[in-house]
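Let me begin by handing over the structure; questions about it come next.
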């Protein structure tokens, strides 16, 4: 279980998160919605240890992980598939997947995971020897997901997995995410695609201006007037 | 910003003040104190290897003089700056020695380009400057305080070799010459004597090439010389390119009758590093450790004991000899008046480990024409005949494989 | 910065006036010639580091070939004086067209070279300096491997050195003034924009190629003039002396050592490094002096990664928060 | 046309270029992966050359064999240098600039320590195979340079395979292409940088010994090596291992050709001029960076 309490993050003098608290229960699929610049990516990066925090705590399975380096966080099983995919562009699909399993734990099971991921994404299997930069947008997103799965995550944090994808492609990705969760992976999903996100998630948080302004089951978020107005355009 | 500026100014003034204080301190030299001999040598950087020997030679001279009661009854002391192999610095340090340290005497620097740059400074400040000079051109600038005692004169470098070659019956002389010369003042100054002598001896110049340092690869040079059947190879370079040429010649089994190497073969590293491959190479010199002039044996004994070398390296001798010449000028003039020293040197014969020298208006002695050949890992003098320590080995034996 | 406190301005003016006065009269107070010569070389390096900063510090184009412009200036001056007829005045005046020659050459090579970015630019300028040095060494017209002797300035040592000192001081003052003006002008802002992000600068209506060319030519002009003066100072020039790679590198180090962000950085860097190096050579054994000199760079960079002036500024900001 | 001369020149040039490439590969990696322009790279190579010389003189250990302990030694040395000198600097705003000044300082120190230990005299490595040749048709191949060439090929090959085949090598590439993502998947940047730097300096040792088989050397020789290093790396594309190798061969070919056809005094200006032209036409080197 991931628990974030009153987390504050600042870039120089700019405050990005002002005391954010949230929990992701084991086995859950939690959605985090909000507009551009609300601090969603900052939150994930803070959890991953990429950026330093000012105040508050982050704990995982009961132990404090605030201040750990990204590689240490990754070794605990908290895996982020970052925004913009951030693939290793000049490495092949296969190498990208291998890099996903870089930590000692997953590395021991690399062959097994590889088989599983390639079954999940047959397109990647076809393009194993191509460089990541030569893939199409959808394929790249699959690769990003696949790479994250290679790390056999205890918690998978997905940052805008459908960004820049055609609607059909996006729908497919969301479907896969739902399947993954049903298969047992705990997921924290960050997205601006509010409707699709909330439709597969059980719980959700609304992040606005660095603060959680709404939290609860997905249905309640979907029913909320503010969400309807600002994020669903209804 | 503003405070930065003020601080900058303060720091600057502070530094000026500091150095002024140092200057006053060092300028307070008085009588009965040692005679200070100052200047700069490239103790670090590209030319450090040669400067090291010059410095040791000078210091040995100082040691000797002090043992005998000093110069004019005063001990001598060196103040040597490191110019980092940078001629610009050599110039400022010469001025520093003259005007701040107010040295009594200036010593000669190295290499030729630095000497060329320092000579006008010495001249302007009216300080006697005994050094290797910067070849003939530097002595043709009308300087009156500069002496080559002995000079390192590219124009004379091969004189001895050619005189010896001239003594051979014409049919034994080589017929076709390959000239490979580094493109710098030393290389350039070698050329005129090469052209005149080769023409005089009827040797055809088949290849005449200059290269800029560093030489990337010597193989093509040797291939060309071999293909053109050149039976004498002039490798007019420093150590680095010199050893490359020799090694390529051995590898390609190129056996000219004679290999003449410019400057590289006169340093001890040639024999030490190249071993038997360095044998039979001819070179010129203006100083040699087995010359039959007084002082050489003593120097050799010192070097043997101290550095375990068979004879003193030529630059060790240079450092020693320049000081010897300068000291005779001082003693002859009976004081440290630079102009008197100059006039004495111009009008009297000096005796040094390089033999007797009488300087002309340019500050040069009569042309020196020693020729050396390396035989069995030793530098032997083969010309002039009366000084020779060994018979030349000619033609060069084939490479030992 | 906008509201200038009057007392501070006054202080600044007095400071500059005082410093200039001291520097101006210094050689005529009869100090040992060496001090005149040494300060002359300090001025020379201040001038070159400041000029270099135009392209290297503001625009972020690290040129490692500025000795090429210095050497070009020296050779141009040598040839010009030979043509015009040597003499004190003509020797000094010839340094100005020599600077122009250097600037023109900078324009010619700058056109292709300035299209390169970052380290690529550094390397191409380094190559350029080599090509020039080696070519001059190969060209008989320019004295070839023998170098050139420069006649003229038949003055007593002190007078000759003092005149060169004053000329170099003047050149340094002009250089600093020009660089300072540029720093606070649109030109300077444009150059800094280029350093930040050239693409963004382009979209903000900054004519990057033209600005860069201008800065490069100017940054070559002053070293060219300095080289012209230096030819008269040395009276013997040789490609290995005036096109020395180490000089190119030293200029860069001086500017960055002081901090390339403002005009003061290179000045402070050049002055400090010159003095430190001189003191080290005087008081410490050769190799050890070099080792200390090397350590100096390490210490400065670890503790003041963006140069001395930046460090002082930061300290001041945190020290006095108002 | 004089074929023998041409081929012989090309052989020499290519050997020279490839050994410079071996020295350059590590330089290229530190630059590409860590954004550190390591000015003292060649100086470390020179240390290896001096140590190899010493081992040969004292114990008769072949210079190439001495790499067995020299490379690990340099690796450890480099790790220290990285941890205590380079790492603090990587936090600077302009890493390239500050690393350059820093390592320039290191180069001065290393050079003068060598001067203190070994003195300024030039050294020349002489082994049993020096000046030995094998002859193929009209062409001569000298053992020592060929050994340098083989070493260069092997060295570049090993580094290439390391980067392509091992997990650590892939991490090096990943960290360079996408340092954030690499960290997110468990790559410890500091550790990877240290390994890269150590490896680079270790390979510099091999390169230094390779050059010592070709040329004589003295404590200041690294300055000259550094210039060629820059050329090889820039032309080859920063961070591109095989590109560096290709650039080395290319520079060798240019040198060889000009030695065969031009007056020698124009060989160096032409080499540098041609490289300028290459850069002007292809601003990022002939080969794109691709690790």
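Letters A, B, C and D mark the chains as written, and numbering starts fresh at 1 in each.
Methods note: a residue touches a chain if its C-beta (ideal position, glycine included) is under 8 Å from a C-beta of that chain, and two chains touch if they have at least 3 such contacts.
Just so we're clear, the structure is a prediction, and the values are computed from it rather than from any experiment.
Chains that touch both chain A and chain C: D. Contacts with chain A and chain D are shared by no chain at all. Taking the mean of C-alpha positions as each chain's centre, the chain lying farthest from the centre of chain A is B.
Chain B and chain C have CA centres that are 34 Å apart. Chain A and chain B have centres, each the mean of its CA atoms, that are 74 Å apart. Work out the mean CA point of chain C and of chain D, and you get 32 Å between them. Residue positions of chain B with contacts to 2 or more other chains are 44, 183, 210, 212. Of all residues in chain A, none touches 2 or more other chains. Shared interface positions of chain C, i.e. residues touching 2 or more other chains, are given as 134, 137-138, 287, 290. Inter-chain contacts occur between A-D, B-C, B-D, C-D. The residues of chain A lying in touch with chain D in their complex are 48, 50, 69-71, 74-75, 79-80, 82, 86-91, 95, 98-103, 107, 147, 151. In the complex of the two chains, the chain D residues touching chain C come out as 31, 37, 85, 88-89, 91-94, 96-98, 101-102, 104-109, 111-113, 115-116, 223, 227, 230-231, 234, 238, 265-266, 268-269, 272-273, 275-276, 279-280, 283-285. The touching residues of chain C, counted against chain D in their complex, run 62, 112-113, 115-120, 123-124, 126-128, 130-131, 134-135, 137-138, 245, 249, 253, 256-257, 260, 287-288, 290-291, 293-298, 300-302, 305-306. Residues 1, 8-9, 11-12, 15-16, 19, 22, 31-35, 37-38, 41, 134, 137-138, 144-147, 149, 157, 160, 233-236, 238, 240-241, 244, 246-247, 262, 264, 267-268, 271-272, 275, 278-279, 281-282, 286-287, 289-290, 309, 312-313, 316 of chain C touch chain B in their complex. Residues 2, 4-5, 8-9, 11-13, 15-16, 111-112, 115, 119-124, 126, 130-133, 140, 142, 215-216, 218-220, 224, 255-256, 259-260, 263-265, 267-269 of chain D are the ones that touch chain B when the two sit in their complex.
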